[in-house]
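Two complexes, one shared chain (chain A), two partners (chain B, chain C).
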Partner chain A sequence: MERPSATGLAVGLAPVGASVPRVDGFAKVTGRALYLDDLDAPGAWHGATVRSTIAHGVLEAIDLDPAFDWSQVVVATAADITGNNFANFIRLIEDDQVALVPIGGRVMHVDEAIALVSAPTRQLAFIAAKHVKPRIKALPAVFDIESALAANQKLFGADNIFKQFLIRKGHVSDAELEAVFAGAARVIEGTYQTSPQEQMYIETQAMMARWDGEVCRIVGSMQCPYYVHKAMKAFLDCDADEVVISQSVTGGGFGGKEEYPSMLAAHVAVLAKKTGRAVKMVYDRDEDIAATTKRHPCRTHHRLAVDASGEILAIDADVVMDGGAYLTLSPVVLSRGVLHAAGPYRSPVVRIRGRVVATNHPPHGAFRGFGAPQTTFAYERQIQKLALALGEDALAIRKRLAVRAGDTTATGQLLGISVGTDEVIGAIEQVAGKPPVRDGHGPSGAPVRRGRGVVFYFHGAGFTGAGEQRLAGRAAVAVTADGGFEVRSSSTDIGQGAITMFSQIAAGALGVDPAAIVVVDPSTAQVPDSGPTVASRTCMVVGGVVEKAALAVRAKLEAWAAAHDVRGSIGEVARAYAVKHGELVEIVAYEPPPGIAWDDSTYTGAAYPVFGWAACLVDVEVDLDTYEVAITRCVQAIDVGKAINPSIVKGQIEGGTLQALGWAVLENVVYKDGKVANANMTNCIVPTFADAPDLETILIEVPYPYGPSGAKGVGEIPMDGPAAAVANAVEDALGCAFDELPISPEVVAASKPRWRKS
Partner chain B sequence: MTTYLRPRDLDEGLHARAEHADWTVLAGGTDLLVNANHRAAPVGMIDLWRLADLCFVRVEKTSVAIGAGTTWTEVERHPAIRAKLAPLALAAREIGALQIQARGTLGGNVGTSSPVGDSLPALLALDAELEVASVRGHRRVPYREWCTGYRTTHLAADELIIAAHVPVPDATTRTSWRKVGTRRAQSISKVMGAAAITLDGDVVVSARVALGAIANRPIRITAVEDAVRGQRLGVAGDAARAALRGAIQPIDDVRSTATYRREVAENLVARFFSVS
Partner chain C sequence: MNVTLELNGETREVEVTPWKRLLDVLREDLRLTGTKEGCGEGECGACTVILDGEAVNSCLVAIGQCHGRQLTTVEGLAHGEVLHAVQRALVACGGAQCGICTPGIAMCASHVVDRGLLAGADDVTARAKVRELLAGNICRCTGYQLIVDAIIVAAREVTR
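== the complex of A and B ==
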């Protein structure tokens, strides 16, 4: 007879594919989970940061207010970094970002860190920080893409370009490309702008450090312990085992805790060294919004050449992103942006150019979607304009032009497996129903106009190109000395459900209940480097490695049981094994699927091991009194390969969708002279439940044979498409194009002269 | 260090207020505490939260008296306010989040007198009167004269706000309210409008029209009120829109633009005077 287990699963049912309750859920909803700010370290001091108020300049001096009592606080500057023989930079792709601006050094953005203050209380640290006065000689600053490209003021190299890409398919020269456009029956052309976006994770950036002899121990809110480890090894100029990085329970990241935590880690390490105590640093919300990374603002010029029968002849996209003051992750964000810029559409000829430029904005960085939402907005507006020009149904044209197995992408990648085009478009067709009636009255009694938009899009899962191969992320499954099962991975649970997903995959492979699996807290002292928790790779890539490791453990246990005539369940065998031999650990490294080839020099080949596929339908209602766009319906059909935990996957999709809808109509980061002018939750708004329709999510499972049980990435894809669907719907309602985000009430009001006359 | 006083009754509160003109009055804290990190700590604080003398709703013959300590949750849920003073109940529902509504008070909103205070246009349109008191005695001030500038009022340094006395509109008066915020809930207003329109059939006999978030204080728009008098609904809407055009000078800020505020204010006001 079946009996319910601790996870609510009937014993004997497969853990994979079941909506097992979140392992961390109970502790989080009952307030028992300990976030960094909850962690108590005896005698810990608190840190605060002194920041620049100037966007570009030279730091001439740092003055301490003589009226303030400095006896109770410790102040650290760049001199303390070099004085300790630390290296004053944050290692990432380049080592161009300083931890603290040195005297005589260049201040590159508002809210750049200049000095640090530590005090016995957080309040005193924040007060003291206000009495540290940097003296900065201002230089002309650069705040927009055009001025950056003009390069009158040089911020990076000779041309202010951090990185550029050129992708060519089906042609070798610009002249050849232009000939295709010249011969086209129709050319659709437009420029699309997307705005910066704040991640607004619920827990602000937080980190604590203490020195244990020569070993620096750092714990904090983060996505990628080994990124922090790599940065801190370089910063402290020490060996791998002289710095230990541990993740505390993390309240959201969305990319915002991919690179920035390295900066906090450097800061708390310096303060801990100087005070000789543990030092904790927890950002204020306003400080977090003002100083940390945002989604890259982006401008995309996009051209489509079409023949007389409506087939695409050529796609040409020119993508320019504002990288902010330091290079940080901009080259890889741009890379993903350009690799998605042609969209999932057949075209024999493709040219994609991409540039990311330096400005005096705070560095832009990782945010769910990582460049793809920006270019998806552009290509899905273009396809919509083509549909309108041809008088073709919005779903029908996408179905007609979409890639399928056997087609090639912009980089010449031959699509073979797990291409869910027809399934996702078909799912939307099935539930779409009649479009909303154009004219009517809204809940307030005001007249409204309604419209519908659809999009079709894709998202490459895992690292770009040879990234996964180079990284060869590792994870381990172990039988512990007391006979339990452990998953050891540096992939972090940041609220997305990684711990639960890992326990289900390992349980499925071992043949045990998920409750029998312990996923250990990620610390560089006890888990191998599985790679960062980014790029929709945790389930597909690391989950696959965990599955292999678990299968290897199971095979060893079964072989041992057979050889020693031990009978019983796999759990019983594990306990017997542990009693006899102690721990059993299987560490597995990622191996790419066969036949994956990528050429980084020409940007051709398999850009991603596999893609997720999605279609989205949005209905809107525009209030003609207030010009507000209400999203009345949003359906996402997303091919995830296999939903390991359908409830968690739906949660991921709903969350990503709402972030995208917010980005479409109301979110924005407003810069004024390089400073975030709306650095608080009052004015840097994100959607509430009242702003969200009931989100309809359709899970499509076209299995990916190299992912665990067929799973592929899902974390980012829901963010990519909905903004363009909203723009297409508002265009349908009002009869004019919306090519910039956000489509705020102010923008809709200003568009009134362009509205369809009716 | 801030001296903290929680008076046991109004009398103690008034005496403290008289003695300490530089102390801050806390009526709920939903505005004061948000900005606590950005302001110098006050010398002293008189905490009126839940002071029994200020927590009441009294339904009188022709008006409703609402104590200054009444929370927005209480305003929103009170059957008489919902039935007779709809704009005020509707405004209460749209103030902040549920937690803010449970903590924020009418007295706090009126005392802070922010140009985006959500209840203020409703108080203007309903022609409320404020009761204030000091050790010198009680006095009443028509709410339309209360605001003197950006977050400044006629409250004297030794006075506390006691109540709002809100006349109940008669059966021939229809009332309206609309808030346009940065999003659908928990938002700061970009434009707010409230109106009380007395009708004879479909002809406007008189009207009070108030707007918030379009000037340095909530304002009555007398130009509109004059323009609609004697007009039929519908036509009155056009007249209201035309009259409003020259009457307001909204500004650009981080939340919206002057152009948007002007246009939406016109639409809201015209809607108040539309047929049905």
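== the complex of A and C ==
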């Protein structure tokens, strides 16, 4: 007998494709799920961070207020970090970001960590931190892309450029490209700006460390235990088994807990060493907003050349992002941005230039979409302008120009499998109905103008280029010593439903109920490195590995049962096997699908193993008294390959969609002299229940044969398109272009002279 | 100050400074960690509890104001292992993702459902009411759709 189903799944129903309730649902609705700050840690001290108040300078001294009682407080500085040459650096791509600025070192941004304090209570730690006074000699600071490129003040290398890319398709020189534009019947040109965006996970960054002899044990809120592990091995200059990283239940990430947790891990490790106790650090909301990473602000100049029949002849995009003070993940964010900048449209000639520059803002970093939302905003505004110029229907033009199987992308990738263009556009056509009546009155009686916008877009699933091949992420499925089934992977559940999805995939492959599968908590002591929980890769890449490992376990069990004449269900066979032989583990590493070739030096070839495809329709109502943009309808049709758990997939899409709608009209991070001026939830607003429309989600399944049961990435794609759909809808309502985000009431008010005369 | 309150149906006494936040007394002194802190300034609603029948943000209430009052936290919402209708619906409908806002949403939604604030409303009106009544609870994961669905399901179940 299998264990009774706790999932409510009807007997005989395949686990893959069923909306099984999430495994961690009960613990979460009862408040029993233990996040970092909920963990019982008797005797643990609390940590707080002393931060820079100026954007650029040299740290001359760190003074302790002599009037303050320091007897209950431990203070740590860069001088307490000992180790090899890498000590004090947070290992990521270039190891350029310090954990704590040393005396004589350069302060690169406001709210950079200068010193740490620890005390028996959180309150005392925070008070003590205010009595540590860094003395910083100010240097001229750089806060915008233009000044960074002018490079009068050098922050990185000679030109302040962290990374640049050039993609060319169908031409070899700029002169050749310009000749195409010169010969075009029509050129559509524009500059598009998008604002920084805060992830605003509801659980702030939180981490705890304790030293167990020579072993440093770290637990916390994070997306990528092995990223933290890699950073801490370098930071502590220790062997792999001398630092153990475990994830606690994590209250949202959205990219914000991809790289920054390594910084907290370094800080709590230093304090735990110095105090000789467990030390816990939980950021305040204002600190979290001010100091941690946000979406890169971006400016894209975009040109389309079209012929007399309205076909695209050439696409030219120039993408510049503000990377902030350290390189961190900026090169890969820019990479994804440029690889999506031409959009899913046919064009024989494409040039994409991309640069990410150094400024004295806190480093910008990973956030759902990872560069693609910024460039999607640009190309979908451009296609809309082309539609208006040609007098063509917004959906019809996209259908006409979109890539399909047999076409090539900007990098020359030949699209073959799982291209859902017609399915997603067709789904929107079917449900669109009549556009809203332009002039009318809103619920409050105020005069309104209404409009509709649509977009078509794509998102590459998994790591870029040869990334997945290099990483070769591993996962294991095991029969445990007591005869149960376990999935072992370092992919974290940050709310997106990874553990439920893994249990369904493993159960499907093994032929058991999902309730029979235990997905173990990700700790570097007990799971292999499956790669980070990023890039829409957990289901498609790691889920695929889990499926293979489960199939391998099943094959072994079946062979063993046949050889030993053991009868019964696979669960019974597993228990019998375990009694005789103990644990059975199958570890599988990811292998890329055949025919995937990418050239990193020329940026050509298969940028992604597969793309997700999407179309979105948005209706808006602009209040002519308050200038607010209300989103009255939003439909997303997204090709996910296969929805392993439709309810969870729907939840992912709707969450990403609302983050995009928020980015379009009300979210913003405002910097003043390099400091976040709205570092609290009162002023750094995100959509509430009342701001959100009912969201319509259409799941399209054009299977990807190399994903588990046909699944491909879904986490990020919903974030890419809706902001441009909103801008297109507001343009439709008011008759003038909106090329900057957010489209706030202030922006709408300022646009009044440009409105169409009614 | 010695504060006596009726917490989840039991009389509890705590010796604390009267201006300590109710949220901190729950989490630190009483070790009831189901109530979460998201912002500390009354914006996000993760710390929502029911005080004398009203949904309040426990980060904005001083413990000194709670003397002699009735308090329900998420730990008191289910009866043992039997979930409140709202909790059951949140699980069934996929209304919880990362879960950090979920206790606060469950508390506020239970208040809406138990008080019959949606009774008699048609679906469109009920959904609009839910959006208004829960506007003080922020969720960053779900886009709210499946939470609204769950609360409507729970309200129907309780009315029946």
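Here, the second predicted complex is superposed on the first by the 750 of 758 C-alpha atoms of A that agree within 3 Å, B and C clash if a C-alpha of one lies under 4 Å from a C-alpha of the other, contacts with A are read in each partner's own complex, and residues count from 1 in each chain.
Methods note: a contact is a pair of C-beta atoms (placed from the backbone, for glycine too) under 8 Å apart; a residue touches a chain by one contact, two chains touch by 3 or more.
All figures in this text were calculated on a predicted structure; none of them were measured in a lab.
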{"item": "Contacts of A:690 with chain B and chain C, given as first, second, both or neither", "value": "both"}
{"item": "Contacts of A:756 with chain B and chain C, given as first, second, both or neither", "value": "neither"}
{"item": "Partner chain(s) touched by A:581 [first = chain B, second = chain C, both, neither]", "value": "neither"}
{"item": "Partner chain in contact with A:201 - chain B first, chain C second, else both or neither", "value": "second"}
{"item": "Which superposed partner A:130 touches (first chain B, second chain C, both, neither)", "value": "neither"}
{"item": "Which partner reaches more residues of chain A (counting touched residues only), chain B or chain C", "value": "C"}
{"item": "Touching partner for A:404 - first (chain B), second (chain C), both, neither", "value": "neither"}
{"item": "Touched partner set for A:682, first chain B, second chain C, both or neither", "value": "both"}
{"item": "Touched partner set for A:251, first chain B, second chain C, both or neither", "value": "second"}
{"item": "Partner chain(s) touched by A:564 [first = chain B, second = chain C, both, neither]", "value": "neither"}
{"item": "Intersection of the chain A residues that touch chain B with those that touch chain C", "value": "284, 682, 688-690"}
{"item": "Partner chain B, residues of chain A touching it in the complex", "value": "126, 284, 286, 444-446, 624-628, 630, 666, 670, 677-678, 682-683, 685, 687-691, 745-746, 749-750"}
{"item": "Of chain A, residues touching chain C in the complex", "value": "19, 21-22, 24-35, 37-38, 40, 199-204, 249-254, 284-285, 494-497, 647-648, 650-651, 653-659, 680-682, 686, 688-690, 692, 694-695, 697"}
{"item": "Sites on chain B touched by chain A in the complex", "value": "34, 37, 178, 180, 182-188, 190-191, 254-257, 259-260, 263-264, 267-268, 271"}
{"item": "Footprint of chain A on chain C - complex, ascending", "value": "27, 31, 33-41, 43-44, 46, 73-75, 77-78, 83, 87, 90-94, 96-103, 106, 127, 130-132, 134-148"}
